[in-house]
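Below you'll find the structures, each written out as structure tokens.
Two complexes are shown next, each including chain A; its partner changes from chain B in the first to chain C in the second.
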Partner chain A sequence: MVDARRIAVTAVTAGLCLPLALFAIVLVPIPGLPAASGFWIPAGFYFPLTLWFGVWGALGGHIATFLAMGYFQGFTLHVWLDGAIGDFIAPITALLIFKLMGARPDLDQKKNRNAWLIAVPVASLVCGLWVHTVNLLFGVITPPFWWVGVTTYFIGDSLAVFIVGTPLLRSLTKFVKQSPMYIWRD
Partner chain B sequence: MSYTYWFIMSVYITIFAVIALDLLERHELGGALEAAVSNNRRLLYIHIFKLLCEMSVIWLIVAFIGQIFMGWISL
Partner chain C sequence: MSKSKVKTFLAYLDSSNPLLRLHPFVKVLALLVFNLVAWLVEAPYPLLAYLLALVFLYPFLRVSMRNLIRALPYLLLVAQAVTLGYLVGSKIPGSVVYFSLPWGTYVSDRTLMFMASVMLRISCMVLGSTLVFISLRDVDLVYGFKSVGLPFAAAFTVNLSMRFSMLFMEDYARIRDAMVLKGAHLDSGGLVERARLTSLMGVPLMVLALKRMQDLSYVLELRGFPPKGKRTYVYEFVWRPVDAIAAAILLILLFSTVALRLTGFLSFPGWPFL
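Moving on, here comes the complex of A and B:
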């Protein structure tokens, strides 16, 4: 069921992540890889928002990435879509890992913290594999840069999510729990 | 250092101070804040997204300073 609150969550997530995505690409570029960043700070925001609000948070991250990459003239629609789909897949992967492990995003128990420690690097790796394999198949990058891309996404995305996402989950989940849009009900 | 540099840095330092004071206020309010938020859903969303925006603006300031050091922004 789509209602205004869900659309608002997506819009706010997208609005919040858009400048972060844009300047993450500008500030920490990876030579040889189009529209890539070695420290993907918006992931630190849309991961928690996805763990709180589900697919609507992930959709916000997807829109932000799509628009941020669109800023750079000369990149093809494929590059925009590829990265944006990768940034949709990553938080959804983390969400699925939390579901499979029966964990919750408040990180107050060992099980929840373990899920977070597993979900973030796995989701970052899945994102890196998706983005750079598609880039390679479309001839956007050369094979040596596939390894560079996957490794930097794995490390750079994971670092950003751990540094920004962890305090956000720890400090805000107790408030978000009171929202009817919070997707976890015991 | 140019006048523009000092002006922008003054604004950023003030923003940092505002955020630090807000976090201190949040800490001092403690249970009172939780009670207020649980009774008012609009306040709940305002509180959540305000904190997210504060974290976001800190990164944007870091990004700005980083770009000065990298030479992409000159003042």
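Moving on, here comes the complex of A and C:
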């Protein structure tokens, strides 16, 4: 059921991540890959927002990426399938890993920190596999460049999420717990 | 007397432009069809014909050809990525091999045809989408989503996202200015270092986001969201014969493309990716 709180989570996440995605593309562009960034700053925001507020945060990341990448690339089927769906899959994967490991996003216990250390690279790898397989299906890259793309995506995305997302989770989760939108209740 | 202009996602259009009066459903349908057709066609000559038809649509629909210039930087970026990938990293058999590389890849006559097809496909998607977005207002987006059966909440959320992005751009600039005034050097170092420094703005930005999220949820609840019962709308978009004709042409284009693709007419033998 869509209610006001969920709409607020998705709209604000998308609104926050949209300019950050534009900055990321301008700040750290990857030569040879259109509208891509070597340091995807919004991932550092929508990962924590998804871990705090669930699927609706990931949906915000999805909308932000589609609008931001579309601004540079054109709002095409390729952009939607590629970056936008990829940026929905990644935080959802991280959320699933947290659920499966019974971890919480406040990173105050070893179990929670381990979940974060596992979830980020796995989610980035899954997203990288998705993004470059779509690129391959559209013929934008050739098979030998698939591995290069997946590897660089895996490293770049993981770094961005660790550098930006870790301080956010550590410093703000206690504050976020007071919100009725927080999904983890003991 | 100068004509009044209407702001759309990508341009300012004369208020008399026929595209502005199209039903939002037709615009959303056009976005889907333009992209799907480009995706379904593999063969380079049909793709070239499709691209030329899209270019012709610009003057036909009284959209300035200058809008095509905005697509050029991106298309050049894609062109260099595709050229590099195909010239140094592909093995597509053809009747003539122009040159081979030490790591086992080679360039044949078919490689060049595939390169051309990919570029034409992406160009068709970009030109088609740009044409739609040039005529799309935020009202069209909300009513277009609604008319294709998506829930009102989905359209409303996308609309809210774009409005919030403007607010966060101001927040970002304000936080950045405050940090610079306190002595932060956000522009020093290499690209990754600059990105890392920029990420230091994350915590204040996220605090503002969380506060806005809370405020927005209260405001929406106070205004009775989600609406109960049958919702009424400010604007009314009436179906006109021209809308029905445009929708029919788009659907015929899509279904005929699917049919021709299934019969192999639009396929490219040996297409290595699908």
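By definition in this document, the second predicted complex is superposed on the first by the 180 of 186 C-alpha atoms of A that agree within 3 Å, B and C clash if a C-alpha of one lies under 4 Å from a C-alpha of the other, contacts with A are read in each partner's own complex, and residues count from 1 in each chain.
Going forward, a residue touches a chain if its C-beta (ideal position, glycine included) is under 8 Å from a C-beta of that chain, and two chains touch if they have at least 3 such contacts.
Since this is a predicted model, take the numbers as computed values, not measurements.
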item: Joint occupancy of chain A by chain B and chain C, clash or fit; value: clash
item: Partner chain in contact with A:Thr10 - chain B first, chain C second, else both or neither; value: second
item: Touched partner set for A:Pro19, first chain B, second chain C, both or neither; value: both
item: First, second, both or neither for A:Ala64, with chain B first and chain C second; value: second
item: Which of chain B and chain C A:Gly139 touches, first, second, both or neither; value: second
item: More chain A residues in contact - chain B or chain C; value: C
item: Partner chain in contact with A:Leu77 - chain B first, chain C second, else both or neither; value: second
item: Which of chain B and chain C A:Gln109 touches, first, second, both or neither; value: neither
item: First, second, both or neither for A:Leu168, with chain B first and chain C second; value: both
item: First (chain B), second (chain C), both or neither touched by A:Gly38; value: second
item: Identified clashing stretch of chain C versus chain B [202-210, 220-228, 238-246 or 256-264]; value: 202-210
item: Interface residues of chain A shared between complexes with chain B and chain C; value: 12, 16, 19-20, 23-24, 27, 41, 45, 49, 164, 168, 171-172, 175-176, 179
item: Interface residues, chain C side, partner chain A - complex; value: 31, 35-36, 38-39, 71, 74, 77-78, 80-82, 84-86, 89-90, 105, 114, 117-118, 121-122, 125-126, 129-130, 132-133, 151, 153, 156-158, 160-165, 167-169, 172, 191-192, 194-196, 198-199, 202-203, 205-207, 209-210, 212-214, 216-217, 220-221, 225-226, 272-274
item: Contact set on chain B toward chain A in their complex; value: 34, 37-38, 41, 44-45, 47-49, 51-53, 55-56, 59-60, 63, 66-67, 70, 72
item: Touch list for chain A against partner chain B, complex; value: 12, 16, 19-20, 23-24, 26-27, 41, 45, 49, 164, 168, 171-172, 174-176, 178-179
item: Contact footprint of chain C on chain A as seen in their complex; value: 2-5, 7-16, 18-20, 23-24, 27-28, 32-35, 38-39, 41, 44-45, 48-49, 59-60, 63-64, 67, 70, 72-78, 136-145, 159-160, 163-164, 167-168, 171-172, 175-176, 179, 181
